[in-house]
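Structures given as structure tokens follow.
Both of the next two complexes hold subunit A, though its partner changes from subunit B to subunit C.
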Partner chain A sequence: MSSLNASLATALSGLTAEQGALQATTNNVANANTPGYSREVPVFVASAPIIVDPLTLGSGVTLQSIESVRDPILESRIQQETQTQGQWTALASALSQTQVNFTSGSGDIGSAISNFFNSINQLSTSPADLSLRQGVVTAADNLATSFNVAANNLAEQRTSLNGSVEQSVEQINQLTQQIAKLNGQISNLQNVGEDAGTFLDQRTQLIDQLSSLVDVSVIPTDNTISLTTANGTALVAGQQSFQLSTQPDASGVQHIFAQGNDITDTMVSGQLGGLIQARDQEIPGIQAQLDTLAAGLANAVNQVQTGGYDLNGNPGTNLFNAPPASGTGAAASLSVAITDPSLIAASSDGTPGSNGNAEAMFALSTQGLIQGQSPTDYYSGVVFNVGNASANANAEQSASAQVLQQLNDQRSSVSGVSLDQEAANMMRYQQAYSASAQVITTINEMMQTVINMKTS
Partner chain B sequence: MSHQLFSNAKFGTAEAESGKQPPAGPEKKADDIAESSLNLLRQLEASLQASQRALLSGDLEALQEKTCEQLRLQGALQACWSQNGAGARESNPMLAEFAIASDLRAAQMRVLDLGRVQAAILSRANRWLTTVSNLLAGAAAGYSSPVKRWTPCSPRRSVGGSKGVA
Partner chain C sequence: MRVNPNPLPDLISAIQQTQQQINTDLQQISSGQSVSVPSDDPAAAAMLVRNAGQTAAADQYLRSVDSVQGEMQNADSTLNSVVTTLQRAISLGVEGANGTLNDSDRASIAAEVQGIQTQLVSLANLSYQGSYVFAGTATQTAPYVLDSSSPSGVNYLGNSSSNTITVGDHFSLQTNLPGSQLFSSAGSDVFQAVQDLITSLQAGTNIDSAVTEISSAYQHINAQRVFYGNAMNQLNSQQSFLNTETTQLAQQQDTIGGADLTKVISNLESAQTSRQATLEAMAQTQQTNLFNYIK
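== the complex of A and B ==
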């Protein structure tokens, strides 16, 4: 009788285990289209045998656990590439906006430089003509305005990026809080030997989201993980998250702080890294080039202007208000100093008919005024640099998208649900369940036989 | 493949070089340069797309084959332009008047963009290979990449005619 009971227990263990396995399959099928879901597989182990001397009898099966199928290295690669994509997406977007300032058109700096020198060239043909003189003043004013507009647009873009940095930090804080909370839930389940697959999937998705914002390193520890930035700043340690904060410096630029330390310069990847690169490196670099051009051009024109004579025979005065000595802010502040067209110093000898100084001023258009380059060539270089940086950022973004697609496909093949495979598993578990049930029926009949033997 | 490479290109062919064709005027010559360049650029574009797919799918054999093909196409383009002056450049005023000048410029931009993307994907693949090779090398390994440098293509191999590296 005891051996029949043991057989019954063994058959019951089979029923229970197959039922659990079927539950895993059911869950897989239900989540076949759930983003980030990792398929679950049942882990069967043979139960500890019973030793009935001299026999060692098997005692059935135990469903030890239901495990989610994951490839940690693949997930790490996805997170790394997500960071890279975040960085280049932010940078490409910023540079695309920057590029608008340098698009050829009637109001761009390149056209304004050409128009200015053309107006001087025209004036040299008839230096006493007031309408041509007015044309020079207007063209100078347009030139200054085009520099002002471009510089202001770049400054506004930096302000906008500043706001984006703050938003990114808020998003990072929200995500790290959620990840820390999930760490706690995962630990609690794993400590009692339960499967935390669902929470692990949620955490993986949140880490992916966090990776798109900031350069994250995932450090696994016992039943939990810690997250740091690439330079080691703690973001999450187990169930505790460490908040980042932003503080503006004297110029209004938002810096990022972690536990009192300024970590702005260490942000090199993720959306935040891209935003900071655009805000603190790319755009200031373009601003500096525009300042160099504006200051170089204004100083050269002023030098020639003050070396000549105006229509009244007086020594010339500055055409442009003198730019700052350092050159910083020259593009934003460039302005025309004179409104009276007769003050244009076209004459080289003080006579109204002289065009010597106008020709000298026109000659500036081809002279290497700015770092050995003519104003037009230098500006072309600026436009090329912006276009090149933008094209590179777009190419990097495209490469990241392709690599990520490939990695996600790989993750799907490892962790994704195959409905065909699940259908096969379902049949397998169903058959095993039926077989165990048949064993129970047989044992029942055997027991009935034994009982009938006693009563008969 | 090598034959196919030049079959539609009027430059670099034995026929063109032997001087059997009647002398063409400057316009005809520029038109030929433009057509040849466009043809080579389109082949280069297709080759770059194929090598990107090979790189992403980890098909190293195809990647090497396509890289060799690209080197030869690049050489053919340089030969096409250098043998005929700087004629094929879109900035050439003679070419700018031809109908395919805009096609040529667009093809150049597409090749440039594809080249940039290819470089970016290659740098990622290189980074990953370095990581893996350092992992496999164990704790005794230094930080320098143990990955061997790529063996250059043989300059005389026909385009796409064989697999692997000489």
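== the complex of A and C ==
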């Protein structure tokens, strides 16, 4: 009797275990398309045997746990690559906007420089002609405008990057809060020996999102994790999250603070790193080159202009308002100082028909005015630098996208839900369940036999 | 080894890549340019900036050549009229030197030479587009005015300066001769010679030497015309050089930044084929799995 009952219990353990396993499959199938979900596998363990001397009898199966299948090293590689991806995506997107200012077309700085010098060459053919003089004033105005427009666009872009930095910081704060909360839920479950698979998946997903924003390092501690930025600023420690804040400096540039320390310059990776690199390095670099060009050109033209004589025989005055001595802001503030075309100092001797000074001014177009380069050559260098930075960011971005895709493939090959596999598992569990049920039926019949034996 | 059970993200990214290729190709075909933003090819973009600068300069040099040519042709044909007028003065002088003429005959010849003097002043005051061509660089004032109190019969109000103009990256040339060099050159002063002829005709003396004076002025003007001839030749050859340069620059621009349409269209076709294939693969994938077969 007792061994029949034991067999019944053993068969029942099979039924329970297969039901539980089917639950894992059901959950896997339901989450087949859930981002970041790691498939679950049932862990069957044979129950401790019962020793009935001299026999050792098995006592069935225990569904010990349902575990998520994941590769923590792969996940940390994905997080690192996500940071790289975030950085280059932000930079590539910023620079692709920047370079629009440097495409050739009407109104670009290159053609404005050409047009300005050409108007002077035309004036040279008939230096007293007022309409040709007006042509020079107009071309100088257009030149100043083309510098202004490009410089203002760059400044506006920096402002909008500033806004993006603030938004990124807000997102980071939200994510670290959520991660800290999940840390609490995960350690509660793990403390009572439960698998926290779903919460772990969620946390991995959030850390991925956080990685796309900022360079985080994941440091596993007892039963939980801490997150820090690359330079060691704490973002999350167990169930506590540390908020980042932004504060504008005197020029309005948002700096990032963590617990009172300015950590702006340490942000190198992730979207935030890319935004800061574009805002604080790439775009200011281009602005500085434009300023150098604008100041160099304006000063050289003014110098020639003041060395000649205008149409009335008076000594020439500045054609462009003198750029700031430091050169900073020269492109944004470049403007023409004269409106009266007769003030163009085309004459080298004071007679209205002399074109000597116009010739000297035109000669500037091929002189090494700016760091040994002619204005057009220097500008072509700026275009190269802008294009190169943008092309480089694009290339890095797409290389990183490829790596990330491969890593995600790998992750999916480990953790992804395969419907074929789940169907096969389902069949296995169903068959085992049916078999266990059949065993119970048989035991039942055997018991009936025993009972009938007694009454008859 | 377990394989990735969900290849869809890979396929979607492949689709995006081919789509991007198709967009780039279409853009190149529609614009005819391979470089639409500097990042497409930074080095080419920089070369295109320099090329555009050189092209704009060459176009400007051509316009300047045109302007200068116009002025020089006017100056040259005016000098031609001066030469003709001086020839007439020489004939009148030779006629006036004939001993059979009486005072009144000579007076009427002298009056005719005075007409020539006025005519020469008008020729020397040639104005082209608002500027006096033979005034040196004092182009806003008529350079010659008749003045009976002056020994040469005229006053020169211009200066002795000349302009030079750049019509090529390494080429500039003088565009004008001042009246002081053309008409009022010491030793072959046109107006002095004409005034001397008038005076000698009126006095009936030294007519021969006055005629010699006019002849030497005539030769001087003829010699000076060579300047305009040379300059116009130079301008012509510079013009054809600039036209060639413009063509070369345009070819260069096309080589650097023009889209290679044959290549782009072939790229486009292969991208479209690849897109088609990927789409079909996507449609095929995941049509079936084991669940479909469980009855």
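Here is the rule we go by: the second predicted complex is superposed on the first by the 441 of 456 C-alpha atoms of A that agree within 3 Å, B and C clash if a C-alpha of one lies under 4 Å from a C-alpha of the other, contacts with A are read in each partner's own complex, and residues count from 1 in each chain.
Quick note on the criterion: a residue touches a chain if its C-beta (ideal position, glycine included) is under 8 Å from a C-beta of that chain, and two chains touch if they have at least 3 such contacts.
This is a predicted model, so every value here is computed, not measured.
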- Query: Should A:309 be classified as contacting the first partner (subunit B), the second (subunit C), both, or neither?
  - Reply: neither
- Of the partners subunit B and subunit C, which touch A:391 in the superposed model: first, second, both, neither? both
- State whether A:116 touches subunit B only (first), subunit C only (second), both chains, or neither. neither
- Touching A:412, do we find subunit B (first), subunit C (second), both, or neither? second
- Who wins on subunit A residues touched, subunit B or subunit C? C
- Message: For A:399, using the defined touch cut-off, is the partner it touches subunit B, subunit C, both, or neither? Pick first, second, both or neither.
- Response: first
- For A:127, decide between first (touching subunit B), second (touching subunit C), both and neither. second
- Message: Let me test your reading of the model: by the given contact rule, A:365 touches which partner, first (subunit B), second (subunit C), both or neither?
- Response: second
- Message: Touch test for A:96: subunit B only (first), subunit C only (second), both, or neither?
- Response: second
- Query: Can you list the residues of subunit A that meet both subunit B and subunit C?
  - Reply: 391, 394
- In the complex, subunit A touches subunit B at residues 77, 81, 84, 391-392, 394-396, 398-400, 402-403, 406
- Note on the structure: So, in the complex, the side of subunit B touching subunit A is made of residues 52, 56-57, 112-113, 116-117, 119-121, 124, 128
- So in the complex, which bits of subunit C are touching subunit A? 1-6, 9-10, 13, 36-43, 45-50, 52-53, 56-57, 59-61, 63-64, 67-68, 71, 129-132, 135-140, 159, 161, 163-166, 169, 172, 175, 289-291, 294
- Message: Applying the document's contact rule, which stretches of subunit A touch subunit C when the two form their complex?
- Response: 32, 95-96, 99-100, 102-104, 110-111, 113-115, 117-118, 121-122, 124-129, 347, 349, 351-356, 359, 362-363, 365-366, 376-377, 379-381, 383-388, 390-391, 394, 401, 405, 408-410, 412-414, 416-424, 426-427
